[in-house]
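Shared chain: subunit A. Partners: subunit B in the first complex, subunit C in the second.
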Partner chain A sequence: MQKRLIAIALVLPALIMIVLFFIVPLFASVVGAFDVGGVLGLGNFTKSFELYSGDMIFTVVIVTVSTALIGLLSIAIGGYLTLGENPRAVAILRWLYRWPMFIPFIVVGQVMRTFLAKNGLMNNILVSLGLLTPLQTIGFLDWRGIVIAFVWKQTPFVTLLVAGAMASLDRSTIEAARNLGASRLRILIEIVLPQIATTLMVGLILSFVTMMSVLSVPLMINAQSPTMLTADIAFRINAHGDYGVANALGLISLILTAGAALIYLRHSVKERS
Partner chain B sequence: MARVDLWWLPRALILGLLAFIIFGPLTNLVLWTVAEKWYFPHMLPLEYGFSFWQRVFAPRGNAMGSLLTSITIAILTVIASLALAIPAGYALSRLKLPFRGLILLAFLIPQAFPNLPVYVNIARFFYQIGLNGTIAGVVMVHVTHGLVYAVWIATAAFSAVDTDLEEAARSIGAGPFRAFRDVTLPLAAPGLMASAIFVFLESLDEFTGTYFVGAPDVTTLPLLLYTAGSGGNYQIASITALLLLVPSIGFMLVVERFLRADVLSKVGH
Partner chain C sequence: MTIQAFLKVEKMSVGYGATTVLDDLDLGIGKGEFVALLGSSGCGKTTLLRTIAGFAKPNAGSIRVAGRDVTHMAPDKRGMALVFQSYALWPHMTVAQNIGYGLKLQKRSREEIDARIKEMQDLLGLSGLGSRKPGQLSGGQRQRVALGRALAIDPEILLLDEPLSNLDARIRLTVRHEIRSLQKRLGITAIHVTHDREEAMVMADRIVIMNAGRIEQQGSPEAVYNMPASPFVAAFMGAENILSMQARVSGEQIELHEGAFNASTVTARNGRDLRSGPVELRFRAEAARLTSNSATAAVEPGALELRGQVTSVSYPGGHWRHAVRLGVDEILVDSDNPFGQGEIVKISVPATALFIFNASSEGTAH
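Now for the complex of A and B:
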């Protein structure tokens, strides 16, 4: 009994930290969303939908498209790392893919802003190669810029998880299928993918949540309307000191995130049964 | 005679394209840090030089101040996180705890919910108690966010240490604290080092929490980068970005040395 108390005492300070500085403010944000000038009400939500329903759709579309692209790319890279037959190409890919993983979002925002701009290095190279004329260049600093920045930064993380899970699979079924003449693409889709689906799902949900709460990338790449909900929340606070609508928008993004996780969970449960 | 492998053609094409997608933007950043004059439609800068570096590192420049603030905050965050995570990690790996799985999950919460609304409300709360715009306030926010790495990796690091060694020390008369300090702690040190580096980088790179809780009094490098970038000063912003980039990439290259497979396989268990 005493030992148990010691164990609890050792964990408690760290737990209190989480409760005090995360769970309590999270509840404050949920309560604050219904606080209209001191009375409980839905005023903040009507205002949020009036002003920002376009941005809600914009946010969901951007994050969903990014998540789908991240999923496809990480399966492709992880698949090649596991099933690739040329050791040198596999080694190069393994060295190459993880570079953006630890680069902070704020740096990704700055890097992409200068690279993808109408007069950025990407267009400059295309013009110098004669693929475009200066008049044909277009900037990518809108929803496409945000998607590119998200996919660039998050794919290595999901790939790391997916490739790790693929590497620890039992090779014998893969070898057996290979001996029976199955193509590598078919092995990837029919044998490897079903076994690593849980890992992929965890990685994609974590990425989804991360992208829903990144402020720097939308602020730096595309701050004008339509933009992402995070930028709207920052604007409500900084320009209007309007905590009610900011909290309502926060709760809406929370619900959107939970909804995405739920849809995926139900889908994967259905597939397994 | 060696046969030419025709598959190298598509392979090289795809790997080359991937290398361009990954390194193109990074090269662009490095070019911006040394570009004195660069305008459309020139592919490369017209003049190179280090005058912006001098400006950033001038004694009057605010970059040195931000760098110092960033490093101070990151070091304090690491100390506080480890002080909380080492006892917690030890208890989670060695002692009998009720609801152990739930406790481990609780540390994941700050990563599993969109944290912008949380920062907004912490800022409001800190404002009332006078912690807004202070280094202590920013450190608390960073610790909360970094605890998941600190606690999870510390738990895994302690789990990877053989209990027999600790019991041997106890049987020749060492007290529980002495056995921990002289046997378990040194053996878990590489894993704890990895968690310290993780927390340090998280703190160094953190933008959103600092933006709400610290600004405008506490200016870290990410905030300086943001202000310089929105002011259109791409050279200063790129130099700041490069300063943030170097430790991140350095860590990526050495992470496997600190985080050995036996520790990694125990993370989250």
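Now for the complex of A and C:
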């Protein structure tokens, strides 16, 4: 009996932290989403869909496109790190690819803003190289800018997971394929990728969730309409003090994220059976 | 070698960075021959196999198959297939997909691939397992799938990198014979890397014993077993008992001088390359005969007779094993009957079982 009390006492601080700082606020937001002027109802949701259904699609498309590009790039980089035959190129790439991981989203947004704008660094370089005239330049500070910023920032993280999984593969499974005449691209797609698919999937889901919750990048790069749901939530609260719609939008993005998590769970259950 | 070698390795040196693993190595292997590369870990046998397969680049030397220089060819262009120690089966593919992958890469037709997969499954006793994943197979079955995958592309040379070391001891014994009879049936040339002496003896036509990146000796199993060319080979082939003596070589005879535990003995030189001076004697525990000190049977000609004291007796199965002390040396001798601890015994080692080498310090002085 005393043992049990001690056990409970040991768990209690952690439990209080979770309840106080995680469960209670989450519950409050969920309830707040259905709270329309003191009465429970779906008003916040109707308003959300009326005002922001375009932004919802915009958010899902941007995050999905970014996730797909991150997947492709991380497979390419991880694949080269694993199968590359030029030791110097492999070493340089291994040293280089991680850097963006250590740069905060807000800085990424700022860097991309100065780089991608109509008279930003990229266009200035292209113009000074004579590849473009000042009149031909276009800015990338719209959905493309957000995608570029997300991919630039998140690819190293997924690559880190993917390259680690590839490095810990039984090397002889790669050599066995080489022995039978498989090209490096075929080895990557048919031998390496299926064996690390679960890790790739975990990395992409985590990236998806992270990108869904980033506010600074859409604010810095693309503050006009359509924009991402995070910017809308901030706008509802800061400009209107409208916590109801903000909570409803939060719940909607939670459901979108849960959708991605569900796909992952389905897949991993199928894999195991 | 009088036969024209089918696979020929000439003056090959291989190293990683500053370390040299193989140095100026020559090896010829006949068509249809089963050769075992035998040596302890780190002797370079796996490096030799991987270089032949094309996974390690030699710094110097050449590899030829049927007169064709393959030294710088990609692994798949050499007509060789490698069976890996870990089997290296692809866990996400079924047994049939594993076996058929090489043929798929060769862009064979679907029917042809299916027929070949079936043929391999029948050959290796894997029928009915085609749709299983490697994770659902036993160790022995995985080993056979790895063999099937290698054989499916019909290679001229089969390379085996310790393929039995991950199997249970009991299964290993049967798989040895399976691989050997399969190799004979298909008439395929095979190179088998192993550190297990008995495995090499049972499976191979020829044993190549390697030590520190060089070939110490090569020959038929009975030749390397009965006529080891160096102390290393003698020890590796189980002659662990070691004694130091003085010898005088005159013509076709070797005289071992009288010592504290033995009378002077004269034995035939038997073509040994030996000089007068300190020598190292080696023999196997099972080759020596143990008799009681009072036994009066005449010593057979050429045999070495020793006298010692039994310090311990054990029964490893089939015979009794005695540790016998000769001054500071201790030797192991087997006998059908046990002798008591502390008993003084006579040990006689027949001439054919006695391996005599110049002591290594003497060898370097010249």
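Structural remarks
Please note the rule applied: the second predicted complex is superposed on the first by the 249 of 273 C-alpha atoms of A that agree within 3 Å, B and C clash if a C-alpha of one lies under 4 Å from a C-alpha of the other, contacts with A are read in each partner's own complex, and residues count from 1 in each chain.
Throughout what follows, contacts are C-beta pairs under 8 Å (C-beta built on N, C-alpha and C of every residue); 3 or more make two chains touch, one makes a residue touch a chain.
These numbers come from a predicted model, not from an experiment.
Contacts of A:Ile146 after superposition: neither subunit B nor subunit C is touched. In the superposition on chain A, A:Ala182 makes contact with subunit C only, not with subunit B. Of the two partner chains, subunit B is the only one that A:Leu26 touches; subunit C does not reach it.
When both complexes are overlaid on chain A, the residue A:Val245 reaches neither subunit B nor subunit C. In the superposition on chain A, A:Leu81 contacts neither subunit B nor subunit C. Once the two structures are superposed, subunit B and subunit C can be ranked by residues of subunit A touched, with B on top. Once the two complexes are overlaid on the shared chain, A:Leu121 sits against subunit B while remaining clear of subunit C. Look at A:Pro194: by the touch rule set out above, it reaches subunit C but stays clear of subunit B.
In the superposition on chain A, none of the residues of subunit A is touched both by subunit B in one structure and by subunit C in the other. Touching subunit B in their complex are the following residues of subunit A: 3-4, 6-8, 10-11, 13-15, 17-18, 21-23, 25-26, 28-29, 32, 86, 89, 92-93, 96-107, 109-115, 118-125, 127-128, 134, 152, 206, 209-210, 212-216, 219-220, 230, 233-234, 237, 243, 246-247, 249-251, 253-254, 257. For subunit A in complex with subunit C, the touching residues are 170, 172-173, 175-182, 186, 191, 194-195.
Those residues of subunit C whose C-beta lies close enough to touch subunit A in the complex are 53-55, 74-77, 80-82, 84-86, 88-92, 101-102, 105-106, 149, 153. Interface of subunit B with subunit A (complex): residues 5, 7, 11, 15, 18-19, 21-29, 31-32, 39-44, 84-85, 87-88, 90-92, 95-98, 103, 106-107, 109-122, 124-125, 140-141, 143-144, 147, 151, 201, 204-205, 207-208, 211-212, 222, 225-226, 229-230, 234, 237-238, 241, 244-245, 248-249, 251-252.
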